[in-house]
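The structures come next, written out as structure tokens.
Below are two complexes that have chain A in common, paired first with chain B and then with chain C.
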Partner chain A sequence: MSTAISGTLTAARLHRRTLLRSALVGSAAAAVGLRAPAVLGQAKKFAGVTLQGASFASTFFGYLQNYIPEFEEETGMKVNFVTNAFPVFNQRTDLELSTQGSALDVINVTFIYSGRWIGAGWVENLKPFVEDPNLTPDDWDASDFVGGTMASLQDANGDAHGFPWEAGAMIMAAARADLLDQKGLALPTTFDELMNVCEMTKGMERVAPFTADKLHHWNWIPYLMGMGGTVFKDPPANLTPTWDTPEAAKAADFYGKLLSEYGPPGVLSFTDDQSMQSQKTGRANIRTQAITWMVPLSKDPDSRVADKVRYGPVPAGPAGSFPGSNSHGFGIPVGSKNKEAAWEFIKWAVGKDITLRMLEEHGYPSVCRRSIIDSELFKETLTLNGQDVASLYLETLELGGKSGYMKYRTVPQFPQVGDKINKAIEKVATGQADGATAMAQAQEEAVADLKKSGVQIDG
Partner chain B sequence: MSTDYTRTLRRERFWLHLLVIVLVLLVMFPFVWLLIMSFKTIDDIFAWPPKWFFTPTLENYTGLWQGDFPASFANSLITSVGSTVIAILLGVPGAYALSRLPVRRSNRLSILILASRMAPPIAFTIPYFLAYRYVGLLDTRIGLILIYLTFNLSLVVWLMRSFFDATPRALEEAAWIDGASLMQGFVKIILPLSGPGLAATAILCFLYSWNDFFFALILTRTEATTAPVAIVNFMNYEGWAWGKIAAGGAMVMLPVLVFSMLVRRFLIEGMTAGAVKG
Partner chain C sequence: MPALVALMVVTLLPTIYLVIVSLTPLDLARPETHWDFSDPLGQYRTVLNDERLHNSFWVQAKLSFWSVALQVLLGFLFALLLNVNSRVLLALRTVFLIPMVLPPIVVAIIWKVLYTPDISPLHWATEAMGFVVPSLITDPDWALTAIIVADVWEWFPFVMLMVLASLQMMPSEYVEAAKVDGASVLQLTFYVTLPYLKGVLLVAALFRLVDSIKAFPLIYILTDGGPGTVTEVTNFYSFIQAFNFSYLGYSSAITVVLVIVTILLSWAIIRLVGWGQRVD
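So, the complex of A and B:
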């Protein structure tokens, strides 16, 4: 009993002594113009805050989860970040945002929904956070993000409503470039060359010359634009579809032929993954798709084409080259009750430090910060099978940001009308209709849908 | 003459059997394919031409069991069984009461009960979501049970009512004459006679809840996620975990298959009992 009391008294004395010593050190430091460490004066800023985050599942979040305990330790907040499948996340978040819920503090602003979510004012404007020196240090450097990756995350005034963690840049990969070599052919750089390469390599070793997935409203658009066509007249101001044009018909016929004559069996029902597998197993040769699906061809241990794959830019049509690019970024729902904590998380998750660590420790290739893309490390990571894919990646991202041809994709109505394109391409590829007929029909259906949703259409 | 007739009969039976076998093969093919796929490695899944002989692996099932899937599976079981049991407990007495009410009033009430199934589920999405958020039922098993109950209750009432209609009233009247109360007549005479119908109705309720994707998608987040939604979560942005999707699909089919096999006899009797009313 007495030992316990004596122990308590000793502890009290020690505590008092410690307190006095701390106060003395604090006063002395203040006297010589030094600021006392924050820990002496206050608890961690976000102690007690639980941050609710959500996104679709991606390797990025698999890696990020490893670093989150450090962030929690540093800030005192608890992070509860949930990832779901792409459609599940989008569906749930769309409902949450549209009802101004406060269940989420940090979300992924999905590329195809960015126009809808930002346009409707459901995602917070981050400009005040970036410009506040108390919230964001100068060296965080918001201007370091490549223009193309920011395009979909900005509003009409150019204010950022999100900062990207993932960028997709469309390139071309020939999984069985050895077949081209056997025929003395170079990697195609134009549409005509692409068709010629497919024709010349058809039937070789039972490898399909071309492959794709069924998301034609992403894959086909570079061919449409390459032929001189557009998706809408002038997005986002004028959303009149422009598919009943000779350019669109020609592009549909061209792409339909690639699929029907040179694609592997079942190509029209291929998902992204199936298409990648057809390349990885060496059953199909050329594909134009985002870099995310191309890197595994040379890097995955189970790839059978790692030493045969060759990369190049998306072939150009008569009107030029229009490789697709996209990005996904972190944003804060307007209904969030922990906006400052959310911004702290975003700053950390897409900061230079974490981006660099992800590249160093995991080889994460979808980097959005120019300072890191320009680094030797990035070049080394994206030197695939001896080729400089890093430059290709940066060029594509910049192209999408500069000319703004990707704007068609972030208008809120695109997911709706995109389905019409999918159907039209399927009709052409299965021989049910020629390009002109299928696209004219798709145009008619899209116009009807857009009118129903109150969009002003020309004519 | 008689030999010819037997021969014709045999020939007809042969073609009918063949037709049945072909139909069974057609119907079962996707399920068999899914089951086979669940025991393949990713290389074997994508092999071309497809491999019919391969070294089976359990890696998809073990992978499934190490993640969040068991919790989702448990959620599915709890919500489906819970909603089925409550729907039966509430709906069966209701159906009995409706069956014994005077015809005009009974029909009017029955139509009202059926009205809950007349609108497509999507029509209720936003109201349910907002109400659930307000009362704190989002992402809870109780919330899902209540939702499934709203759909299952009308199903129970309508199906069971037709079974009770087909049960002769004289049986319960005889019980009453012998001194049984209304409840005793119902529990001891009518319910045992309606066993097959009850089994069929319970299976249908269980299936509706078990297979629900839409409400589980909208009204759950992490805690109450059900197995069908968990399977979709294997469709990642950079690639689909085909093996796990197949293994998850097989696991989801399993309880329904086992349950249906156990009560197969009742199911067939129940399905046909209300069909012919003489």
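So, the complex of A and C:
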């Protein structure tokens, strides 16, 4: 592409972006303008408040850190936001919430813990905050969040206990699609094709054909469902695990093989970030994971595969395609002593302005606001290497919402059940047991644990 | 008397509370389980039937045996080597103590780096020499060994320090008399030094044994108990039950059993070897 054409396109993009951004933020700015005297009157309302926040590490918080000084300047409060690895955050927060302590003011309401934390009354009902015009302007627009992303953050009455910052939609990315091209292979669309692509590209330029992180109870489920299996019989009504089935065994063997034969050395100990790095540095090729971890492959300046990455839907199994989808949102622990300040932070962090800036400046893809998802800017930002990743994202979100196959994940007992899946997959991937044995043993352990939680199990 | 009260408050009361909680099915997510004594032995019955827990005892036994044995052996050998009046060796003593004084998390991170193929100088070096070493912490045949190696590296200086201190106080007459009788270096070691050090070696081994049962940071950082349950020791399993699943009642029952096993084991070893009997 010549410099002149490139320059024209850039100018056009900037122009469109400016217009779109103006249009989206315009109404908010107008409302702020109308309320200016009140806001000015409350300037530095939260001076002296230190807000303690926590979440698991995600690209979102890396981007958010850039904007927090502005928020602190605007409100007068100090924000101390800590991120940890996924299991560490969940452990700590679960304990903190169960004691109803006041150490944390804003937390991430993790998808798999949402049923448990909201059900136990450990996370504040945000409805009163949203409905109070003194705390929330109309144009903040709580109804703008996509319904599917709110589902796990609502209680039985439909009241919101959190607002989402991430809508995770699982897609597939081949960081070194050029290797597939060299072999004349297309992006795999089925499990068989995926296995074939891994086999055909094994050993090429020392690139591992497949990579993943160690959260198998998230990564493996699309393979389980694709083979025709399920996690529970009929969640949330019937939580009898269904892993001692041929489908589950086959899925475990299949996924175990992907990890053991085609994964990079040490893949079983990879965190999300390590797995993303293995792709960004071009040491590993295909991964099926939430879009949040995939877009940086083409957007981050330090990515070595930006011009080689290609995206596609999660391959389908004999029973169909079941890409994972979830959402994580901000909530306020009931024990917090700074609830108003916490709400101010949540409003800001998932407000239209910050969401838009994250999209525009960092290409943050896991947007939860419909007004932005529908915008031209979203589509344009998520057109990566000429591919319409925005549509891929929306299709995945809608698929999960429509058929409800993700219901297994928000039952309060999922954390302990998920642990059994993680262990079983590790055993299969390291050759300690075959799929049938490992899954049958996991089933036995899960049943015992569920009974311990007072859950009725069939048989 | 005040000392007795202080001792009770500090050590006995938490233990009593632990035993009380172990008699309930306390689950933090289910308020109705608080102070539910309807089936006080329920958690202990689960202990008897929990195969993953039984496996964790076996893993614990392997970890404790090998790490304590190697720490005592290496600690003893290094103490013998360093028990010489030399400036260089004096400086070396301090260097050898470094692993022991590092925070356990730092030690775990050091070994995490060493065991992670992509960033490990160990893996780079072996690869340069033409060997491909698998990722030790994710290989079921090597994961526990990897933990043991790291644990030995961290704690053999403790044994070395104790033995060295004892060697410095060893009356020189013993050695001189043996030399006059024509004893070789090996004979000196086996018939004079070792019997003299028996007590201190036993104390060091007991300390290390009790500490090995508390092994946590290395497992938490390096393997997370995996792959599968290959490195899942009992206190790590108890931690998961309490803090991942909120089963505090069950976790307390496991801990009570662990405390009893530790006390019995220590008692048996002391009886078996004989507490600090000096062989003159």
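Following the convention adopted for this analysis, the second predicted complex is superposed on the first by the 283 of 459 C-alpha atoms of A that agree within 3 Å, B and C clash if a C-alpha of one lies under 4 Å from a C-alpha of the other, contacts with A are read in each partner's own complex, and residues count from 1 in each chain.
The definition used in the following text is that contacts are C-beta pairs under 8 Å (C-beta built on N, C-alpha and C of every residue); 3 or more make two chains touch, one makes a residue touch a chain.
Here the structure is a predicted model, which is why all the values come from computation and not from measurement.
Once chain A of one complex is fitted onto chain A of the other, the partner contacts of A:Ala120 are limited to chain C, with no touch recorded for chain B. When the two structures are aligned on the shared chain, A:Lys427 is found in touch with chain C, with no touch to chain B. Look at A:Asp419: by the touch rule set out above, it reaches chain C but stays clear of chain B. Look at A:Gln100: by the touch rule set out above, it reaches neither chain B nor chain C.
When the shared chain is aligned, chain B comes close enough to touch A:Thr59, but chain C does not. By the document's definition of touching, both partners, chain B and chain C, reach A:Arg283.
Legend: residue contacts after superposition of the two complexes on their common chain; A:Thr383 is shown touching neither chain B nor chain C.
Once the two complexes are overlaid on the shared chain, A:Thr292 sits against chain B while remaining clear of chain C. Within the superposed three-chain arrangement, the count of touched residues of chain A is higher for C, of the candidates chain B and chain C. Touch criterion met: A:Leu268 reaches chain C, while chain B stays clear of it. 87, 91, 95, 278, 283 are the residues of chain A that lie in the contact sets of both chain B and chain C, per the superposition on chain A. Chain C meets chain A in the complex at residues 25, 27-31, 46, 49-52, 115-118, 123, 134-135, 137-140, 223-224, 226-230, 240, 243-247, 250. Touching chain C in their complex are the following residues of chain A: 87, 90-91, 94-95, 98, 116, 119-120, 214, 264-269, 278, 283, 412, 415-416, 419, 422-424, 426-427, 429-433, 445, 448-449, 452-454.
Contact residues on chain B toward chain A in their complex (touch as defined above): 42-43, 46-48, 125-126, 129-130, 133, 138, 217-218, 221-222, 229, 232-240, 242.
Contact residues on chain A toward chain B in their complex (touch as defined above): 56-59, 82, 84-88, 91-92, 95, 99, 101, 103, 271-274, 276-278, 281, 283, 292-293, 302.
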